[in-house]
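First chain A sits with chain B, and in the next complex the same chain sits with chain C.
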Partner chain A sequence: MPEVFIDGKSYEFEGQPKLLQFIMDEGLELPFFCYHPSMSIPANCRQCMVKVGQPVKDRDTGEYELDENGERVIRWFPKLQTACNFDVTDGLVVKTQESDELVERAQKDNLEFILINHPLDCPICDQAGECPLQIQTYKYGPEGSRFEVKKVHKPKRVQLGPRVILDAERCINCTRCTRFADEISKSYQLTITKRGDKNYPTTAPGETFDDPYSLNTVDLCPVGALTSADFRFRARVWEMNQTPSIDVSNGKGCNIDIWTRDNQVLRITPRHNPHVNDYWMPDVGREIYPLFNDNRISRPSVILDGENQIKSSWNNAIETFGEQMEAIKPEEILAIGSAHASVEENYLFAKFGNLLGISTPLFTPHIEPGSGDGFLITDDQAPNTNGVRLLGFEETDSKQLKTAVKSSNAKMILLLSDHLIDRGVLSADDLSGKYLVMFATNESETTKKADLLFPITCVVEHAASYVNVDGRIQRSFPAKETKYTNRRLDLEMTEGRLDRYGTKFDNWVTDENKVDCLPVWDLMALIGGRLGLDITYEGGSREVIKEVSQNMPAFSGVTYERMDDELGIELDTEHQTVKS
Partner chain B sequence: MKYEFTEDELKQIEVIKARYPEARPATLPVLWIAQNKFGHVEPDVQKLVARTLGLPEAHVHGVAEFYTQYYKKEQGKFVLDVCTCLSCQICGGYDILHYLEDKLGIKHGETTKDKMFTIQQVECLGACGYAPMMQITNGVYVNHLTREKVDKVIHGLKNGEMPEFEPMEMRKVKPQEN
Partner chain C sequence: MAADWRSFKPVLIPDIPNLDDIDVYIKNGGYEALKKVLSDDWTTKSVIEEVKAANIRGRGGAGFNAGLKWSFMPEPDGGPRYLACNGDESEPGTFKDRMLFEYNPHLFIEGSLIAAYAMQCSTIYVYIRGEYIDWIKMMDSALNQAYEKGFIGENILGSGFSVNFYTHPGAGAYICGEETSMLESLEGKRGYPRVKPPFPAQKGLWGRPTTINNIETLANVPLVINNGADWFKNIGAENHPGPILYGISGHVNQPGVYELPSGVPVLDLIDEVAGGVKNGKKLKAVIPGGSSTPVLRADQLDGVSMDSNSLREAGSMLGTAGLVVIDEDTDMIDLLWRIAHFYHHESCGQCTPCRDGTGWLEKILLKIKNGEGEVKDLDLLLDLTTQMEGRTICALADAAAWPVRHTINRFRDEFEARCKKSVHAIA
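So, the complex of A and B:
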């Protein structure tokens, strides 16, 4: 196998890797700004300079020439080369900043050059803390600058588009943003204007950067030149906590990171998954984060008489549910599952109904034809349509669902987290005379109609899995505490610095922002206890998915461990499912 | 103001496009056609070029902004690019610039009220050998400038006389006879 020598150590390689990518894949380090593995390589930041040389071969014998010590004679390139666009070849000898003073000096001087006109406003810059320029200046940069003249001034606080703000002075012209618009989102809305030290990215005059994927340029930007209009000045990154999760705003299931501080979700960024979303996600997926913080249902509610919904205790709500269930025949209950809820939640919902003799839940997909774009935005507005299908729920269109709800057989309706009135499937009148029991996360027109309303955890508060439009099952992690969970005790939760060391005398730390809600598995155990059913899962959703994988052929072999290791599991969506 | 290309110009553009495998390389020559016709490539003209070539507006804007030879706003009839880069600076480039500014009553970057002259302060035009010098509307170089020469050139331009290109002194030397 061909080999390459990096800093005196031999590495074998396959195919035709580029040097910078190869170095990173080997776990070594080389500073860079403009290179991105999913885009073209312009080699314009000049930061990844290395010294490279080829061994000299005797043309006649094809043997490597050796010096008096028996070492290969190396013919060095006359100048340093950028590693990002350099092809790795057999016998190549590479010296990085680890072993070569010239390379170290070149990288240091290049940073001094890049920093000539870069403002020293890190203390007020949103990128600080996650800024490649800042990090690499600390690691490889000069301690000072010889350029003590006035810096070039360029436009600041430019609203490039509805979601992106430009500070041209911070820009180092890596062109990642323009390449993203040209190569990935294909909106072609950005260009570099002017030249030399005056250049910066912009749109054509009068154009606005309204690309549905525009916020990816904010992630890509290796400095604070492009910042998010929404997240700007909201929080310092080191005060936040980062938890992997799944985008629930549409059916693609983009892999995301949830950024929380004091149990509030402050932003959402994409997480790399080559099988689903690569490094990207649509802006709409980021804009839904207020759903996790605001307008949440906290504590159960009941309608006692007439229209007024009043908050109730859990004990009272469960007792009320028990009494209602005892007074009605299973045939008179209609269960409606939800593509907006996870596999585990729907499974338990169906299992609960099944144990009581209620027929298989119905569900109606939430699809808006024409709203998808064939990339990461789908027609499907729900994250788990395929999951509910694979669980064997009875799929109906919205008309059939309306008929089933209005039917006189249905006296009680159990509805799992699907805001049917808000999305126009049902009208408020359709539910008149019915006893609606709803399990939901957020207040809506639909939850207002619920005679009995149970608050349940949302995607950022529990570990649960979702099957995307391509049949890939992926899962979330709890990112936000509820009244009943604790980061320090729940090993599935991550702890940020502020979570670990903050006290409520610190800025940004309160005991608020915890919703009084329960995961469906805990709630079902309580309700089951009242009705004499044993639906207890000591291990939470992890145990639920274990049961799903044992009982449902379509989910066989599915575990959280596998989902975590393999970045989700492709399910056989064609598989015939057995009704639960 | 609405900018349009005529049928003839569109034919000319088709010929230019046919020279390249794709439309992008045609950006520069088509911007020239536009600038020669309208005297500038304002954002609306850039949009016309983008539309004609079927290219993104941002791309055409980036190209037009990169090259100083394209005028991004309306200029005077004669654009005087006075070099103040190193060689010209040493030989009195700033004197010439300031003399010209006083003479025309405008600052560099501005246009006279009668829309005749625009003065631009520019970097090296590659004519260090005849410093100080200036360029007239992306074309003729006027070399070895003195105040008298500037007076003469401005007077001539007002009467519509473009100065001749002056060959290098060295070329005036007769080749040695063998």
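So, the complex of A and C:
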């Protein structure tokens, strides 16, 4: 196999890798700014300079020429080369900053140039803490500055579009944002304007940067030049917890990170998954984060006198549910599952009904034809349509569901997390005279009609899995504590700096943002207990998915461990009706 | 050694009135070379071999053998191939190509057609700097004449060879004179130099094989075809043969463009050709090939002639043979600041060392110019030139760094005298 020598060590390689990517894949380090593995290589930041040489071969024999010590004779390139666009070839000798003073000096020189016109306003910059320029300056940059003249001034606080704000002075002109708009989102809305040290990215005059993927440029920006209009100045990076999760705003299931502080979700960023979303996600997926913080249902509610919904204790709510169930026959109960809820929740919902003799739950897909873009925005507005299908729920449309709900047979309706009135599937009248039991996360017109309302955890509060439009099952992690969970005790939860180094008595810690809700598996155990059913899962959702994988052929072999290791699992949906 | 330069008769811009008119040009033997190469006696290969043998070294500054460059074009694959002619001359001190546009456009057109034939190009673009509005018009009318006579277009002179020829105005950016940046500009994009490899011969305009030649280089081609490579090789300096358009500017009595063989002694050019230094002043320095080439002090010029070897030995470069003559009253700090200002203004901003380095150089030089500089600033300047040179995609950073380094090194006393005493102790 061909080999390359980096800092005196030999590495084997296959194919035609570029040097910078190869160095990173081998776990070595080289500073860079403009390079991005999913976009073209402009080699403009000039930061990844290395010294490279080719071994000299004898023209006649094709053998490597050797010097008096028996070492290969190396013909060094006269100039340092950027590693990002340099092809790795057999026998190539590379010296990085680790083994060559000139390379180390060149990288330092380059950072000095980048920094002379950079405002160095890290203390008020949103990027600080996750800033490649900051990190690499600490590692490879010069100490102090020799720049004693005036910096270049450029436009600041420019609203490029509804979601992105530009500080041109911070820009280091890496062109990642313009390349993103040209090559990935293909909106062609950004360009570099002016020349030399006066240049910066902008839109054409009068144009707005309203690309539906515009916020990806904020993630791409290696400095704080592009910031999110919504997130800027909201939190320092090191104050937040970063938790992997899945985008539930549509059916693609983009892999994301949830950023929380004090049990509030403050922002959502994409997480790399080459099988689903690469490094990107649509802006809408980021903008739904208030759903996880605001308007949450906390504590159960019951309708007492036929009109007013009032908060109730869990015991009272469960007792009320038990009494209602005892007064009704299973065939008079209609169960409606939801493509907005996870596989585990729907499975338990169906299992609960099954144990009581209630017929298979129905569900109505939430698909809006024409709203997708063929990239990361899908027609499907729900994250788990395929999951519900694979669980064998009966798929209905609005008309069929109306008929089923209105039929005189149905006296009680069990509804899982689907705001049917709000999305126009049912009208409030359709539900009149029915006893509606709803399990939901957020308040809506539909939840207002619930005679009995159980608050359940949402995607950022539990570990649960969702099957995307392509039949890939992926899962979330708990990112927010509820009233009943504890970050320090739940091993699934991440700990941020504040969790690790702060104490419960620090003045920034508050319990106010914890919602009084239960995961469906815990709630079912309580309800089941009241009704004499044994539905307990000591291991929570992890145990639920284990049971799903044992009972449902489509889910065979699915575990959280595998989903974590393989970035989700493509389900065998061959014999199932899976539409995207 | 070739004959004395004083007996040389101009061939690029001969003294024939109205030569820009195609009839006059034809009457004086014009387009004969084209007819010759399109005849059965010549093949595309033999044209390239002849031009390679003549050793026409690129007149745009890099001095690369034109025929050799042509031979890098891959075999035709049926797709489009391009010849891009670089008429974007915008370096201070360089103003030779416009003489060809104005006085002998058909010589350049004929040379381009021969080049296009040799490389089997289907389209020729001539990229002319945007400030040359009048010269773009001149080129357009010359091209129209050549189209009318059937020298350009479909099935030229019944040979089966077809080519189209377009002018393309620049938009005022020096960087678009850099060959790959010019290709970007021709494609309608922002003038950013491209990363090489791939080289234009492999992936040029719209990803297709492209060769880029300077206007003056191409104008030499018909001369080589008509008179033979040996004739050409015997003109001027051995390693850099042929006629050269010397653009002489600055403090001389008769500035202008003069066609002479290569290798004319620098002092002869100043004293005899350009009528000596203005107002009887003493010569202080010469920038021999456009503002990016290192300045030479008057005392470095003895025996130095305008060919690449001689100038390299003296510590400079031939560049585009645009001499800037500097008299004894010139403030070198002022001059260097003005050059640095130019490169700061013209840096495209793509690569970090050039984008930020050119600005820094200018700002320090301005400080020194205003008497606020310190001696340590000179060392910082020299340091910055090393930090910029060879670290960027194109050579603009080098072009910005060289004048600074060499002007400071060659006039260090003058610079130090302008600096105030350093507040820092010098060890």
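Rule of thumb we're sticking to: the second predicted complex is superposed on the first by the 569 of 580 C-alpha atoms of A that agree within 3 Å, B and C clash if a C-alpha of one lies under 4 Å from a C-alpha of the other, contacts with A are read in each partner's own complex, and residues count from 1 in each chain.
The rule is simple: a contact is a pair of C-beta atoms (placed from the backbone, for glycine too) under 8 Å apart; a residue touches a chain by one contact, two chains touch by 3 or more.
On a predicted model such as this, the values are computed, not experimentally measured, just so you know.
Annotation for the three-chain superposition on chain A: chain B and chain C clash. Once the two structures are superposed, chain B and chain C can be ranked by residues of chain A touched, with C on top.
When the two complexes are overlaid on their common chain A, residue A:190 makes contact with chain B while staying clear of chain C.
Within the superposed three-chain model, A:109 lies in touch with chain C and out of touch with chain B [touch as defined at top].
Within the superposed three-chain model, A:210 lies out of touch with both chain B and chain C [touch as defined at top]. In the superposed model, A:44 lies in contact with chain C only, and not with chain B. Looking at the shared chain after the overlay, A:26 reaches neither chain B nor chain C.
Once the two complexes are laid over each other on the shared chain, residue contacts for A:79 go to chain C alone; chain B is not touched. In the superposed model, A:117 makes contact with chain C only, not with chain B. In the superposed model, A:98 lies in contact with neither chain B nor chain C. Within chain A, the residues touching chain B in one complex and chain C in the other are 191-192, 194-195.
Residue ranges of chain A in contact with chain B, taken from their complex: 178, 181, 188-195, 202-207. Put simply, chain B touches chain A in their complex at residues 43, 46-47, 50, 56-62, 65-66. By the touch criterion stated above, chain A contacts chain C in their complex at residues 41-47, 49, 78-80, 85, 106, 109-110, 112-114, 116-117, 146-147, 149-150, 152, 172-173, 191-192, 194-199. Of all residues in chain C, those touching chain A in their complex are 173, 175, 190, 192, 195, 344-360, 363-364, 366-367, 380, 387, 390-393.
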